[in-house]
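Let me give you the structure first, and then I'll get to my questions.
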């Protein structure tokens, strides 16, 4: 069943590293709103390690899924069969998410700025974009209502870590407050990339580099960031995935390497 | 199974007369929002006579009931088993009623005025009433959203047909318009009492006497009404229940005389 | 993927006795919602609140019926938020009328709404909205006696170009909501069928939620039909197993409504002495609902027994 | 009470073919909602709209995915209202991107919302509200490009006494909503399980509603489980029987998702010629969905077959 990288040894892929780092950040969290892919892997690994009681709520309305196989989409039939509850969209977005029941929301984006605002709508002008992206989906709601948001960005480039967003689809709380509205959560608190981890505490804070992955320098991260990236006084180096973490991830969470590309 | 009044002959009770008159008024209606009692009898009789496609929606959320026995309350378990649908309160009041799917709503009241406004809250002052009545329930919503409303009042007295309501719980469209809001329906169009039938076409109209039951005079009705009751030019006398109507009502709709007191 | 199936007890300790749940989640002065629209009324929870002598509660309940009259008579309630204060269609609530009509033995603060107004207050509470709009109340005297009912101007023109106004109600966010249900698992995933009322919204609106069930069932029972779960575990803080706890209301598929008791209540509650005696015998005189149910006797319960009318299974599918 | 059981066909003529339903309920220039959140996407209805050559439609759909890209390519759509315009997580919608990025072959008017913004538009439409409030959009650039997203001031002070503002969206009231479901009876009582999305609200928001089902079932099947009915008959105007009509999406308990086709679509739709060829072969080249499904072949369908995972029956009870 398991792929060629089974067990706790062998070279660590970028996906594995991101999953392990994200899982560690979920320590003691109760409810996670996550899409399929790295967030699912991170949540499942967290359940087996630092957050045994964690519940993943999917944008499709599934709560307490117990899939027989790793789901391929947030609406995969295997997520529904055997789940604890399936709720409608009005209940999911209204009562569960806007109602304040989500501790951590996972989001991705084409662009992020230093305050954790996100663009998933367009590259270029909205009216006639050079690239039309999918848009918000539920991201606007996740940012506005989850207590905090983790962003996973595989690619860390000056274009994706933008000084100025081409368009702000999904605003963090700083922009919300400037618009006169007090949000529930603190917005993005962690950005996990192929190069390291950025963090901020909440409203008024800029994202700062707090950790670089093994073999990556602070200067490399700064060069890959579109704004003048600040760093904490003591940037740490990410602890490489422990053999136990890798074993769980490879053998138990995603033995068929659906997402562990 | 059937009581002593079985069949289409024998003296007609007040309940039977009110049920038959109300049923006739339901000709060609599609959806009725009704409570238990006379409205249920009227709707069921209408289904067997003038409105074969009629669907009764109950305040409890039951749509398309097929009860094995005559229900004793709007939430009777026999209404649920075998029903076509049961919807939640938000769906019932929000999508079905406020959404405009109800043709006729049945209401009762302690007091009604000449415009069809209703009081079900208090006799006396609201703050320290001489009689505290149950209140609106869903009556405010039925009046605001059903296309028209039928009121059944067993007792026709100057106190219940009031010149001025002690309190307006449930306003008709005239009062709504005066409050600056355009209602969906036309409010009360029929009031069926022990003495006769009052009617109005809608906004701006007063209730007028259109029919008296056999043996009742126009003057009797006027004397029993708390305001100077107008009458149409030609007040008719209610056609007595036909033998076929009585037979259906007594033998088929309520053979155990649960409501045909 | 075998690890995804591991059972992790992520909600240890939710299952508790009614005594423990009321002690932990209902405090003097709290706002307590008890919901269940004629079906699944959490009567046993109301009785335990009486036994524990809670005071100064604000009770929120669409249909304030027998259990509310009993809590009023026991002196638990200072304030009532409701849209129907009657004994079903069976008559009056004697204690409630004395409190409202004559402040006897003490005044009752009453916030009067209509049914959908209450539903919308729960919706606003569940959805963390500052208000919820509804097409009710235009021309009613209710806004004059209830300052909670207000108006908002729509930012969109009406079809005829005019400015449109609509009434709104404020959210209700109870300290605790208590509901009764047919069954739940130990995590609190709660399944209800038959009339479902406003229970899910009342739970989501509340700070804490207690679910009282006829049966605690294995996880596999819940998970065989996830669409039947109206209240997911993440919204539930306590699960109390209390068979027959909805009497005199009914639990679809478990027992029928005790219509005779509804009819009797109007007379019992009309006489304060008789009402006091009823409470002494049936609430203070029983240590818990199991004793109350046993006191009614098996012959009584046989009279409310229901037969079988099973739903047909649907296929959720399994990947081959 | 035997008469209450008499079956009265109060909705004669609701059952019709897809061709009849689209001809009767979808007109040039209409606003058409097609809902189904990844599950039960009404693809076959979209294809019939293409076959009948409808023009100038406003399509309303939360996740504008393959079927929308196909309708765009066929020239049916002048305006799109949506909150996600991507090929699931499998890539891009080629035609949609050409229309938006280069007005190729013609411009597309696009109203962009977020998922909950769309949900709230349906809720407002279903509930006949002038607007629906939601805690989204504060600080977003979306209101600047979408004048439908506005602000309202709450008439209640916030917890800290300040004045509170909230964004609102306007109702959407489609001329017709089309959904796909597992089963319905001939009156239109529709049962859905698995992901239920926003289908019920989209139906209630619409002037007319067409329900496409895998199976038409006897009244008794529906009535054995009334809580499973998400769309009651009074909200439905047409019932179309169309097995496998949700392909390439899935129908819980009936067939699985065709993930390979989702992955293939990004490449097909990237090349206008190839996309045209696909439409010629699979939509214009088939007379109806039965032919489309047959053309895929039984071996193909065997690959999407699902096994059994039956729900357990619940007891609705029967008066003894």
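Order of writing sets the chain letters: A, B, C and D. Residues in each chain are counted from 1.
In the analysis below, contacts are C-beta pairs under 8 Å (C-beta built on N, C-alpha and C of every residue); 3 or more make two chains touch, one makes a residue touch a chain.
Listed by chain with UniProt protein names: A, B = 3-oxoadipate--succinyl-CoA transferase subunit B.
Fair warning: this is a prediction, and the values are worked out from it, not measured in the lab.
Enquirer: Using the touch definition from the top, what's the fewest steps needed to get from chain C to chain D?
Expert: 1
Enquirer: What chains, if any, are shared contacts of chain A and chain C?
Expert: D
Enquirer: Considering only mean CA positions as chain centres, point out the chain farthest from chain D.
Expert: B
Enquirer: Would you kindly tell me how far, in whole Å, the mean C-alpha position of chain B lies from that of chain A?
Expert: Centres of chain A and chain B (C-alpha means) sit 57 Å apart.
Enquirer: Report the inter-centroid distance (CA atoms only) between chain B and chain C in whole Å.
Expert: That gives a centre separation of 29 Å.
Enquirer: What's the distance between the Cα centroids of chain B and chain D, rounded to whole Å?
Expert: About 38 Å, centre to centre.
Enquirer: Please set out, as single numbers or ranges, the residues of chain D touching at least two other chains.
Expert: Residues 123, 128-129, 134-135, 158, 164, 166, 194, 196, 200-201, 224, 227, 252, 256, 306, 309, 316-319 of chain D each touch two or more of the other chains.
Enquirer: Can you list every residue of chain A that touches 2 or more other chains, as numbers and ranges?
Expert: 62, 77, 80-82, 86-87, 94, 98, 145, 184
Enquirer: Name the touching chain pairs, would you?
Expert: A-C, A-D, B-C, B-D, C-D
Enquirer: For the complex, which residues does chain A have touching chain D?
Expert: Contact set of chain A toward chain D: 35-37, 59-62, 72-77, 80-82, 86-90, 93-94, 97-98, 117, 121, 126-141, 144-145, 167-172, 174-184.
Enquirer: Which residues of chain D touch chain B in the complex?
Expert: Residue list for chain D touching chain B: 1-6, 8-11, 123, 126-129, 185, 187, 189, 200-201, 204, 219, 222-224, 226-227, 229, 231-235, 316-319.
Enquirer: Which stretch or stretches of chain C touch chain D in the complex?
Expert: 128-135, 150-156, 158, 164, 166, 168, 170, 182, 191, 193-194, 196, 221, 224-225, 227-228, 252-254, 256, 305-320
Enquirer: For a test of understanding, state which residues of chain C touch chain B in their complex under the given definition.
Expert: 37-39, 62-63, 82-86, 88-89, 96-97, 100-101, 103, 112-117, 119, 123, 134-142, 145, 158, 164-167, 194-198, 200-201, 250, 252, 256-257, 259, 306, 309
Enquirer: Considering only the defined contacts, which chain A positions touch chain C in the complex?
Expert: Interface residues on the chain A side: 30-31, 44, 47-48, 52-55, 57, 62-64, 66-70, 77-78, 80-87, 91, 94-96, 98-101, 145, 184, 248, 252-255.
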